[in-house]
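First chain written, first letter: the chains are A, B and C, and each begins at residue 1.
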């Protein structure tokens, strides 16, 4: 195991993870609002925000899918040391990490069951830019409307149609984080 | 390759020994050590649970028996060696000592540490085990035949 | 009328203070240390670890002290603490065949290889109160002997060699974990064993006893009972190899049960299995009997409809923390619920009386 994969964890895990969890919670509760997430550094090409999300949300009991560009030996080692999450194919994933263009078809991820809608995948999608402009978002947690630079529209509309089943999304870019739960309506701006 | 495997086996043995060692014993054996090396934390000591599994019928399919407490940490010496501590229980200082010894066993202090700490620790733990086994042996039943029913 | 009230904080605080004082008891009597409980009330500690589902003798001893010796309250404290621990991982299945036994007996084979080792047992005591203990008597030193077999082969393996006992499953799938996912029925044997090993000793004992008295009889012999320490081994992902992360005491009971055969299985012996944290012999034997009773379906037997054969009944009532929570909550304020019941009864009575007067008038 390479040495640099052993660093980059939270400096003060209980406190840092609590702050990151709060940010992750707010991002999903207020779709479209952009939060800042720092304190973690995973090997390339993972953004600091995505690294902090992984440290906060994943553990040895949450199977994780890595899209091909993210599936590097260094990142696998980093995850093994800091998180312990087993790396799995999409159909068994509770979390997934990758660039939008690098992800396999969304239909391959579990959307939960009628008895357990929570048994679905939460995707962490790395973007080149993340701003409060673009697609129009409405629904729970949004007073009137919000905007977010989503990479696409149709797949998120299709996901909304599955409610109460479906996938939940985080978008990350550098230290920025935004959320898009399955309950949000997405339209072209 | 073989040398690396031997090294891996040896490390597995000393890490297992440290994990099972009573905290007070390890503390006593290292009390006089004043030259602990400088290090930085890679993972500060954290207490967690490990789910212990058994097998149905002792040899069959696995099942979850219950958890045990484990404390772990990881550190890097100023000289670069990485030490991992995994110990039973909730004693963070114990985990730190285990990780430091794991790291130092990768340096040229290994032989001295083995003589001063690991070997005596193994001997003491072996003696405890032997003492329990000797008491168990004293409770082993010797049957003797009173009557044998053959005509 | 609905009246929302709050209050009672001062009464609660004062109750807590008094509880702490009562816990301590007479201050002229020396205080009990956690180490004393761990060393001298070890079987209580073992029960709290087994049913609290967390192996940590110091924590269990602390819980017993805090709970004033109420073991179910102590188990509750341990369960609550357990939920705060991050799950680092899971162990490889422990190898009980390699146990360093302090006790190992078989009721089926007198001359089992390795012998009958009694260990520190109550079995042959006369159950007479020992007043010397009340007077701080010196304890005799345990005798030592030699020649304890380093390996104690499993008794059921002898039967297995002749094919006279049913084989264990060799499936190596990840077992379900009732602490992570809600129970679903049918539960399967792995989940049943997890529920039984952390189940209430009294409940599991009662269920086991019921099978002996004829409610789902399964003719058990204690093939083997062993108590001792085993190493716990875990794969460490960042190291790429497994290390032993500790050593725990376990009690294992394997029963050998008569089985007349079924449509699919030849006559042979079958097994019940008990494995419990600590020296917990009564619990392990009980667990093995109940395990066997619950296996009727997979062995192709007919059910007697006995309680111990009803998986959902046994598993959903075995947990003393669940049971105590639901049971004891009814002593907490139900003023509003009760008020509505009271009004309902008054209303029905009024209506009934009005009806009666009307009938009489007609």
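The definition used in the following text is that a residue touches a chain if its C-beta (ideal position, glycine included) is under 8 Å from a C-beta of that chain, and two chains touch if they have at least 3 such contacts.
This structure is a prediction, so every number in the text was calculated from the model and none was measured.
A.B. asks: So with touch defined the way it is at the top, what topology do the chains form here? Options are line, ring, star, complete, other.
C.D. replies: Looks like everything touches everything, fully connected.
A.B. asks: If you tally the C-beta contacts for A-B and for B-C, which one comes out higher?
C.D. replies: Between the chain pairs A-B and B-C, B-C carries more contacts.
A.B. asks: Need the CA-centroid distance for the pair chain A / chain B, whole Å please.
C.D. replies: 39
A.B. asks: Report the inter-chain centroid distance for chain B and chain C in whole angstrom, where each centroid is the mean of the CA atoms.
C.D. replies: Between these chains, centre-to-centre, one finds 28 Å.
A.B. asks: Please set out, as single numbers or ranges, the residues of chain B touching at least two other chains.
C.D. replies: Residues 46, 74 of chain B each touch two or more of the other chains.
A.B. asks: Which positions in chain C touch two or more other chains at once?
C.D. replies: Each of 86-90, 238-239 in chain C touches at least two other chains.
A.B. asks: Using the touch definition from the top, which residues of chain A touch two or more other chains?
C.D. replies: Within chain A, the residues that touch at least two other chains are 6, 81.
A.B. asks: Residues of chain C touching chain A in their complex?
C.D. replies: Touch residues, chain C against chain A: 86-90, 180, 237-240.
A.B. asks: Spell out the residues on chain B that touch chain A in their complex, using ranges where they run on.
C.D. replies: Counting only chain B, the residues touching chain A are 42-44, 46, 74, 76, 80, 82.
A.B. asks: Name, in rising order, each residue of chain A that touches chain C in their complex.
C.D. replies: Listed in rising order, the residues of chain A that touch chain C are 1, 6, 59-61, 77, 80-81, 84.
A.B. asks: Applying the document's contact rule, which stretches of chain B touch chain C when the two form their complex?
C.D. replies: Listed in rising order, the residues are 8, 12, 15-16, 19-20, 46-70, 72, 74, 84, 86-90, 129, 131-141, 143.
A.B. asks: Residues of chain C touching chain B in their complex?
C.D. replies: So the residues of chain C touching chain B come out as 49-50, 53-56, 58-59, 82, 85-94, 96-97, 100-103, 110-111, 115-120, 142-148, 154, 156, 168-179, 189-191, 193-194, 197-198, 231-232, 234, 236, 238-239, 241-248, 250, 252, 254, 271, 273, 275, 277.
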